[in-house]
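Paired with chain B in one complex and with chain C in the other, chain A is shared by the two complexes that follow.
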Partner chain A sequence: MASPLRRSKRKNPVIRTRVPQLPPMARSRIFLGLTSAAARGVFELQVCRECGAIQYPPREACHVCLSDGLDWKEQSGAGQLVAHTMLRHAMENYFRERLPWRLGIVKLDVSDDLRNPHPAPSLIVHLHGDCPEPPAPVRVFAMLDRSGQAILVALPEKDTPHMTDDLQMREMTCDPKFRKSLVTDGKSPVGQAVVKELIKAGSDLVWVGEAAPWKKIPGWDEIKALQDVTVVDLDVTNPDSVRRCAAQIGQKVDILINTAEQHRAYRIDGRHGTENARAEMEINYLGLLRLAQEFGPVMRSRAADTEINAVAWVNILSIYALSNNPNQSTFSASKAAAHSLAQGIRASMQQAGVRVINIFPGPLDVEWNQELRPPKVSPNALAREIVKALRGGAEDVYPGDIAKDWYKRWREDPKVLERELAFAD
Partner chain B sequence: MQSTTNPLLDILSGIAQRQIRVVDLTQTLDPDFPQIELPPEMGRCWPFRLEEISRYDDRGSAPYWNNFSCGEHTGTHFDAPIHWISGRNLPDNSTDTIPVEKMVAPACVIDCVKHARQNPDFLLTAEFLKNWEEENGRIPQDSWVLMRTDWSKRNDPAAYQNFDEEGQHTPGPATDAVRFMVQERNILGFGSECIGTDAGQAMHLRPPYPCHYYVHGAGKYGLQCLTNLDQLPSTGSVIFSAPLKIKQGSGSPLRVLAFVCDG
Partner chain C sequence: MSRRQPYDGIVVTTPVSVPYVRFSTKGAHWWIGRALATLVEDSGLTKEQFDGVCATSMSLHPDTAVGIVQHHGLSPRWLDHIPMGGVSGIVAMRRAARAVQSGDANIVACIAGDTNHIDSFRQGLENFSQFGKDAVYPLGTGGPNASFAFLTDYYMREYGATRKDFGKICVAQRDNALAYPHALFKAPLTLDEYMSARPIADPIHLFDCVMPCAGAEAYLVMREEQSVDLGLKFARILGTIERHNAFADDPIQYRGGWAVDREDLYGMADLTPGDIDFFETYDDYPVINMLQFEDLGFCDKGEGPDFVRRHTMTTDGSFPINTSGGQLSVGQAGASGGFLGIVEAIRQVTGQALGNPVPDAEIGLVGGFGMISYDRGVCSAAAILAAGR
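On to the complex of A and B.
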């Protein structure tokens, strides 16, 4: 059983901070289908349209009938551990620095699919320490590793105590436990909910950004009074403020969650001029850019800084980043800009293995969505999804029914969603 | 002061010999300085922001320079009559048409420090002004009336804004004082150390924002976010306040200087 993670000793300041190493990153283009699914937290394998064979690893043609009609389909992940080993020597620096490392072979359970006469595929998996010796039932998940590529992880059939504290698991996730977080705007309802959830998740301390210190916002005094909260001046519209904040605490931020947001609900002809649209771009897009320029380099430099290292950058985007909601047109455009930039930030942070998690919520239950009917995602539910994402292995999250539905439609055909949204009320 | 044939040279010589003090009444344009806060559904006056163009680096190896952005009513700023609905149709009511002679004028400084310290919602009344006149003489026509509260000494932005759940609590003039200054004394304008010429709770006065309403309605001006008023005498100083020449501008940040004769 995984022993509970202990708070490690403070870092010895006379020892060099190690440079982050990444697990092997090269994959074929076909393999990226596995990564694509893992990025949204789903385990998919290729299934042959002709003969029904499930195959692993991914390839261009069916390994049984040579058909190229292969569809990515979600797998339950249930399987049997048939072999395991402990890696004690590795040529790859990433694993060399983390030995020993447990690996296994899992045979997937596909016997309930009567159409499929082919043998179940065997998978090479990273094996959780709590999985018993084979033979044993396990659950296989696709997760992203520090290189941003999909790997398969086998967990015990049932959750075990302290399961997320397993050191191999900590390498696949960005668990807030014992880590230090920065919430860029702690005054908004979402910011407040995220702060509370991070504390609940065991974050060592939470720096909470405050812009416009004169604004009296309900709930803010309560947040400020929390024992693990330290308020910092941070206004993402002010380059000097972002620079000062990064200089002051950047060396200590393991998880950055950007909650700073300008949200107004206007159609393009519902608000004369561009002042509001500019404010949305100023905060939602340029604010993110300023954060990335100031916090990005220092977080990358600390990606291998002991077990308590810089691991994650979370952007709260919007499902409207994918397709414009005409009722919140300029807001949607600013989130689309932020989404594009976030992809760039991801590529940049990836070089050090820092995960960029993009959250695409549907309408939130906040002031500017007052006129929208439910379902709306509450700030608390959003905060729980963020912490869940940090504890998981995905990088794109679609919280709420509307976000999931729109994402599905957008994947099927972006044009159809565009037309549907144009006529929505 | 030794007299020459050119009175301007007398002034320069007075400055050089420190018989005339030049006092800067301007707050620094600083991104951290608070700007007016309105209900979020309203349009927003931008705070002061500074972005580097280059700083002896790959963006330009020799120059250091910045782009800045702000609203017309950011930092220490001037209010033109066109700023308020009541002054919208007056002649010469915007920053580009105000006669430049108006930009140099005498000032009366009304000391309200004690009252503002006791009550952040302190309203300067007509009676208060009349009592001031008993001691200092009649407020001259075409002079600035500057309300000294030492509010500018509040360096903490939250204390300077002084918000609670019912809004802002900062001192300003009462309706009767504004009418007295405009209608009976024909002043040039009214100046304050706070973020607006009107009191923080002035939306609840009758009419709402009486200082903006009457002062601009009569073609008079406003100065806000002033500082160093404690260095001015009650009477006798001269204010230089030239707003930027913005076409149809409703106001502008500006450098406000006071000349004080100590000799």
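On to the complex of A and C.
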């Protein structure tokens, strides 16, 4: 059984901070299909459209019938551990610094697909310490490793106590347990929910940004009174404020969750002038840019700092970032800008192995969505999804039924979705 | 009865080894050049008389055999490049033999040469194959160690092999190596030392792994009468097989392609395993020796461990293997590892052993195994050589 993670001692400031090393990142283009699915938390393998054979490693043609009709399809991941090893030597620094490291080879079960007569492939996987000796049933998942590429991980057939504390698992996840988090705006309903959820998840300390101290907000006093909460001045529209905050706590933040948001629900002609659109861009886009410029470098430098390291940057975007919702046009545009920037932040943070998690919720159940009919995502549900994402191996999350539905339509054909949205009331 | 045409009248001669070093500042072309020069010197031929060239190297990038002929001023009318690692020695021989037999070439120089710089091994692993790059190297495997750890783990569990069985193989090979001048390992290895070596990837420990190094190996393929005219000792080719990607549906590799083709091998040679005097196995890890004992018919599947316990494997033993020490004790000089066994077998059957000769060695078997891509070795080959007289 994985032993429960213990809170590490304060780091001796004289000791050199370990420089981040990454697992090997290079992959063939065809392999990136696996990464694409893992990025949204799904384990997919190529399946032959003609003969049903499952392929792994990814291929350009079916190894049974040579068809090039290979479709990425979700797999249950159930399989049998055939053999295992404990690496005690590695050529790559990332692994050298983390030895010993357990690997396994798993034969997937395909018994549920009677149409497919072909044997399932064997998968080489990162093997969780709680998986018994082979032969043994295991569950295979695709997760992103610190290089941002998909890697296969086998977990025990049933959850075990403290399994998320396994040190190999901690390398694939961004678990808030014992980590210090910054929630950039703690006054909004979403911010408050995220703070509570982080504390529940074992976050060591939560810094909570407050932009406008004079504002009386329901629930704020309760948040401030929480034992693990420290309120910090942070106004993402103010460059000095962001810089001061980063100077004060930047070198300690392990997880940054940007909850600062300006949200108004107007059509293009619902408001005269650009003042509202400017405010949305100021917070949703430029605010994110300011945070990235001030907190990005220092978080990257701490990406391998002991087991309690800088691991994640979470952006709360909107499903409207993918396609403009004409009823909330300027808001959608600001989120599209933020999404584009978040991709850039991801590429930059990736160099150190800090994961950028983008959350694309459907409409939230907050005041500016009052007129929308359900389903709407409650702030608490959103906060739970964020923590779940931190504990998982994905980087893109679509919380709520509407987000999932839009995302599916967008993947199928962005133009069709654009028309559907234009004609919706 | 084999339906294949025998290699009648075709022989292999002039076994050449360029002494190995752990690290070399020279390029692969230097090692190949030394092998060519030694072939010229030992055969009495000029390099212009090599009208066929078959080459292999893993450190020649961006060159291939084409680069070799230009670099070394050769002008062959038959040229082949065999990028198949551990089977390249056998595959080169069987292709060269057919070229000579058909008259496409008269004398084929078969050469393997590789350099080894400080970071070559890691770079080689990183770029070994697309499957490796996608699905093994990113897991920190450090190359074939993990893949062989899996199949050794499986084999031990399934067939009851113990580390001591593997140790016995490694110790016997080291004993053989002590008499072979080019072996990089020059100190005896005891079973205790084997057992207490540091773990690399459980159950693989240090002495289960070959040491990457620089070196070159070569030989010539020609007609028997030419060999006689030149006064060169020669070996006959009685049978050969090669097979790629056999048993791809096995969830883990516990048998190699030899099991598909061994009837063909012995049928062509009109021999049985009992006629073999010594066996140069492909030995990048000792478990592969056991697979070859089984798959080439010396015992049934799963009886490898018992076979090892019943035999002594030194040159004077009941079942001599890897009579120069094999890659485990000589070193693995890239693709030259695929030539080591065949060059040593030529020496043994022609009475030219540099180390200890196997008494009355008439017939030698050579195994090849290569190209660990993703979870298994993809290529297998074998050849039977006989004393030429």
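Keep in mind that, in the parts below, the second predicted complex is superposed on the first by the 425 of 425 C-alpha atoms of A that agree within 3 Å, B and C clash if a C-alpha of one lies under 4 Å from a C-alpha of the other, contacts with A are read in each partner's own complex, and residues count from 1 in each chain.
By definition in this document, a contact is a pair of C-beta atoms (placed from the backbone, for glycine too) under 8 Å apart; a residue touches a chain by one contact, two chains touch by 3 or more.
All values derive from a computational prediction rather than experimental measurement.
Participant: Could you say whether A:Ser122 touches chain B, chain C, both of them, or neither, answering first, second, both or neither?
Facilitator: Only chain C; A:Ser122 stays clear of chain B.
Participant: Does chain A have more residues touched by chain B or by chain C?
Facilitator: So, of the two partners, C touches more residues of chain A.
Participant: Mind working out whether A:Thr184 is in touch with chain B, chain C, both or neither, as first, second, both or neither?
Facilitator: neither
Participant: Contact-wise, after the overlay, does A:Asn324 reach chain B, chain C, both or neither (first, second, both, neither)?
Facilitator: A:Asn324 contacts neither chain B nor chain C.
Participant: Just chain B (first), just chain C (second), both, or neither: which does A:Gln350 touch?
Facilitator: After superposing on A, A:Gln350 lies clear of both chain B and chain C.
Participant: Figure out whether A:Lys216 sits in contact with chain B (first) or chain C (second), or with both, or with neither.
Facilitator: first
Participant: Check the residue A:Pro24 against both partner chains and state whether it touches chain B (first), chain C (second), both, or neither.
Facilitator: second
Participant: In the complex, go through chain A and note every residue touching chain B.
Facilitator: Residue positions touching the partner: 212-216, 233, 235, 237-241, 273, 275-276, 279.
Participant: Spell out the part of chain B that touches chain A in their complex, as residue ranges.
Facilitator: Touch residues, chain B against chain A: 31-32, 34, 37, 43-44, 47, 49-52, 156-158, 160-165.
Participant: For chain A, which residues are in contact with chain C within the complex?
Facilitator: Going by the criterion above, the answer is residues 23-28, 31, 56-58, 63, 82-92, 94-95, 101, 103-105, 107, 118-119, 122, 124-126, 134, 145, 147, 149, 151.
Participant: Within their complex, state which residues of chain C touch chain A.
Facilitator: Within the complex, chain C touches chain A at residues 121-122, 125-126, 130-131, 133-143, 145-147, 149-151, 153-154, 157, 198-204, 248-249, 251-252, 374-375.
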